[in-house]
Amino acid sequence: MQKEDLKIAVIRIEGTNCEEETVMAFRNLGVFSEAVHLKQFYSDMIRDSEQRSLTDYNCIVFPGGFSAGDYVRAGAVFSARIKSVLRDDLRDFINSGYPVLGICNGFQILAELGALPGFDEDKPVGKQEMALGINDSNRFECRPSLLKHENRGKCVFTKALEKEIVMFPVAHAEGKVIFPAGKEEDYIDRLRKNDQIVFRYVDAGGNYAGYPWNPNGSIYNIAGLCNVRGNVLGLMPHPERVFFDYYRKNEIGDGRTIFESVIEYLLSL
Amino acid sequence: MIADVYIYLKEGVADPEGEATKKALRLLGFKNVKKVSSRKVFRIEVDARNREEAEREISGMCEKLLANPVIQKYTIQWVE
Amino acid sequence: MIADVYIYLKEGVADPEGEATKKALRLLGFKNVKKVSSRKVFRIEVDARNREEAEREISGMCEKLLANPVIQKYTIQWVE
Amino acid sequence: MFSKVNVPFELYEIKILDADDGRLLKISQELGLALSLDEMRRIQDYFHKKGRNPYDIEIQSIAQAWSEHCCYKSSKYYLKKYLFGISADYVISAIEEDAGVAEFDEEYAYVVALESHNHPSAIEPYGGAATGIGGILRDVLCMGAQPIALVDPLFFGNPDTSEDEIPAGTKHPLYLLSGVVSGIRDYGNRVGIPTVSGLLFFDESYLTNCIVNVGCVGIARKNRIIHSRAGNAGDIFILAGGLTGRDGIHGVTFASAELDEKSEELRSAVQLGNPIIKEPIIHACLEIVEKELLTGMKDLGGGGLSCVVGEMALSAGFGAEVHLEKVLLKEENMAPWEIWVSESQERMMVTVEPKHVDEVLYIFQKWDVPATIIGSVTAEKTLRVFHHGYKIYEMDIEFVTSGVEYCRQYASLKETVDETDSTAPPESYEEALLEILKHPNVASKEWVIRQYDHEVRASTFLRPLQGRLNLEGHGDASIIKPTISSKGLAITVAVNPWLIKKNPYWGTASAFDELVRNLTAVNSTPHSFADCLNFGNPEKEKRMGEFVDCVEALGWMARGMKIPCLSGNVSFYNETPYGSIAPTPTLLGIGIIEDIKNAITSDFKKRRNAIVLVGETRKEFGGSVYSRIFRMNGKVPRTSPEKLKNYSNTLLESFREFDVKSCHDLSEGGLAVALAEMCIASGMGARINLSEMKDETYTKLFSESNTRWLTEVSERELEDYISFFKSRNLTASSIGNTGGDVLEFTDGKFSFEIPLEEAEKAWRTGLTRFTGW
């Protein structure tokens, strides 16, 4: 595939609010990217020129924010709406190996969709097997977090990541990774065995640590994980906010590689 | 028909909201509080011919949207 | 003693959560939903010698923390 | 007094033609109009000429337009006299509209607005503060701008107030604080605009009147700026957004009276707001602006439709015709006057040429935003309102909208302030410093800052918290990079009500000084400001005196510095039977930094670097933290625009000439606190020698003299750096070095030290000991 042919959609509904910076991250790398309202995929009221289909794109992103206000549960309304109008399309999209990224609210959506942890390769959108629960601190917090990259090569979004530890900030109230009670160890074993763990929270010394380094109380300090095929990634921290470096220099930031990696992957298809 | 749908956490799932509320109550001087847990209720009014139909409808809503089966359970109580 | 404290919005106060939930349910195909309102329930366990004392205690909690008297009302229901 | 009109809805004729004075006042009272006798008489005269009585909707409409909140009747005279008209060639629109506009670069302009939401927040903190954010976003949006940052200066009664000191009908400061912060958080985070700066200040005078100010900055293409006026006769009014209900009726008249025990019953003036309607409105409106489909846009704020239709038509020199039954309602059976003055949230009005109406309605529909045509612009300067075909309102727009203006009596406090110095050294310097560091006005504000998403939109390049990850300290200003260029906007807020309470004139001049200090400290050039003037009852001479002194000082400083005031807001009647607030002229400052990579943060960068104090220290303790804690009297810090300008320019020049590693301004708590904050942010101690300065040790450490900064430079550059200031006849002194794990102070023979860890603990827990975490 050629760089000029790549098309990336960042999908929005009311309340998603990190779509513009996510679109910009791709555009800054010279790739076509646009924010697309979910309605553009299915609604009759949308004019022809604005109608879209998932097959128009090579990569989709569910951005951060408070989709539908995060009322009911973070990401619940958005994912329920996707299930009702796009379920099959999304399944085919993932099955064809195209990458899907969920950042923050987007991770919550992928979890609600059953696309993550995504153990079953044949059912990339299935039943819910994890939840992103209310932070142990019971509050929204915006702070920097340090992430240790632990993926051994499966995840298409971190292939080009050379640094062992990166800094992506977090900003959420519901980001605690929870697996079904009693099955936690089993899940973690499978994730490790399948190389699905991508990022884990660490402190300034690089050690797995508790609050505030693990900002939400996630089990096993999990900050981000991918499906068994490696083409769906969900993470709570925001790489698009560190496309440029965190401290004012306007230079390369830690988050940039996420976007570069997936472009590289798409070009290799 | 009107029903109250209760969404609550499954046994064993941590309840930061309940914990934080307990802590805040104790700070305010309510020393006798032993435990607080939080739930969420949706009062839903539906048009339906009979209770069975309404119940089916509302269970559908819970499964599709209102509850996350990994951590939550729900019960339905009829108000009228 | 255990009580369920129901916190809900007074008549006429906007309920963005209820509205967003209703909109979502209708988009999911539940066309018969007429109205959705959101409530919050705290299940509270207190040590008290008798029901009156417990009731006084819990009303205090509602007034000081759990409910916002300007926009919310509360009711207490005894579980045990 | 009233008689029902025979129409199929609720409409009354108000019998004012033959009413005597007593009856006129009674009418004003019973209808909740808050109009004075003089004002009622003017209305009577007007209707005499028309030869008929007004309908309820007409008189309600006048009451809205003439309220203090809408027409600034008490303040306008003095604002014009002192503050307006400071020109700068980059000002695009100042004062005239909901928000001010100034040039950012060749292509873009930035937009600024700052407003109070005091009374609603005192009654219902969560909804009051949330709707404040909603309102200020609309003010910026209606200029056609994308909101890019929010700020929230907040003022409450003392957090340690005991329950029995709280008057009936008042809520505890901590209850108000947590409600207000939650409201701002839940709204601001949901709409996805970062809250990057603010203030949290406690003083007993705010016990019965908390002050909640909210500000917003936006960015727009210069050639897409939209004005709050209609384009041409024939244009169509489209009302978009939330539905109209009974909520918020009489909000503006409510804001123009003192609160009392019964205020809680005025619940209809309190609303919750709905960020998930607002968020798509922003997108929809900006899409319409981008496609150049509208002629004018204005948000519905105070006074609802009644104010917005009149103002949009009048400022374009036209009239309007409105059909009320077209307005989408939340509740049935609303009387026409209720529809007309309702202040329901999340609504915008746009005027559109007929050929673009379909396109505009399509865009709103695409974003799921309800929108309807409700009327049109007419050539004649008359406003007519119809309901189901009946004409229920017909008045000259000029009469209704141009409002009234007073030149109120006032008593200046300039000559009467007692500033005799009664300060003395502390018994223990260690304890005094720790006591100051843990004062909630000084202590870490992390509790608030982290609850807000201060980096959504990914354009926050300098954050409110700076230094070690997760162990940061306070910065002086945040910097946003609004476009793809590397130019940045620095944003800060300032005011210290303690100084102003003691001496309104010099206290306000000091607030301006702090504004400029903060902007300069991060290496931005001060560019413009907005103000929100919160005061007591203007009908009292002393309150009015505070107001006039403040405005005069503000004008003097701003004019002298040539920094224009882009927009502002006045909030009077922040007063209850228990007392009035400390005069609180909150300032929001904007600075420009040509290249954000030159921004300077407040944390020390390297051990064994030199620490330099820039500026002059005097014994100025009036209103200082030191004098408040130890109950002493003193002189409020002085300043002058010439001196401030000189220092600020020279400091900025020094940032270009030298490699300055960090900078922080000196404000509350003076040198000692600024130094401690720089140490805490970096986890690095400092060794300070004050011998080179004159004055007593405690003055050097705790005095709050204006126009001062601390900077960090390498030992190698130190000498040249100091001479650089000396050569311009300005003061800069080398006062020590970074490094170690204590704060050590030496002054001649005297010395003391505090372990950094202890200082840090006092500072980090000063606020959280009240808020719980």
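Letters A, B, C and D mark the chains in the order given here, with residues in each chain numbered from 1 onward.
What we mean here is this: contacts are C-beta pairs under 8 Å (C-beta built on N, C-alpha and C of every residue); 3 or more make two chains touch, one makes a residue touch a chain.
Predicted, not measured: the structure shown is a model, and the values here were computed from it.
More contacting C-beta pairs link the chains of A-D than the other of the two pairs A-B and A-D.
Distance from chain D peaks, on a Cα-centroid basis, for B. Inter-chain spacing, taken between the CA centroids of chain A and chain B, is 29 Å. Once the centre of each chain is set as its mean CA position, chain A and chain C turn out to be 34 Å apart. Separating the CA-averaged centres of chain B and chain C is a span of 10 Å. Among the residues of chain B, those in touch with two or more other chains are 24, 64-66.
Under the contact definition stated at the top, the residues of chain D that touch 2 or more other chains are 275-277.
Multi-chain contact residues of chain A, defined as those touching 2 or more other chains: 68-69, 71-72, 77, 80, 84, 137, 139.
Arrangement of the chains shown, judged by which pairs touch: all-to-all, with no pair of chains left without contact. Only residues 16-17, 20-21, 23-24, 27-29, 38 of chain C touch chain A when the two sit together in their complex.
If you check the complex, the residues on chain A that touch chain B are 72-73, 76-77, 80, 83-84, 112, 127-131, 133-139, 178-182, 217. Touching chain C in their complex are the following residues of chain B: 4, 6, 18, 21, 24-25, 28, 30, 32-48, 57, 60-61, 64-66. Residues 10-14, 16-17, 19-20, 64-66, 68-71 of chain B are the ones that touch chain A when the two sit in their complex. Chain contact summary for the complex, chain B toward chain D: residues 23-24, 27.
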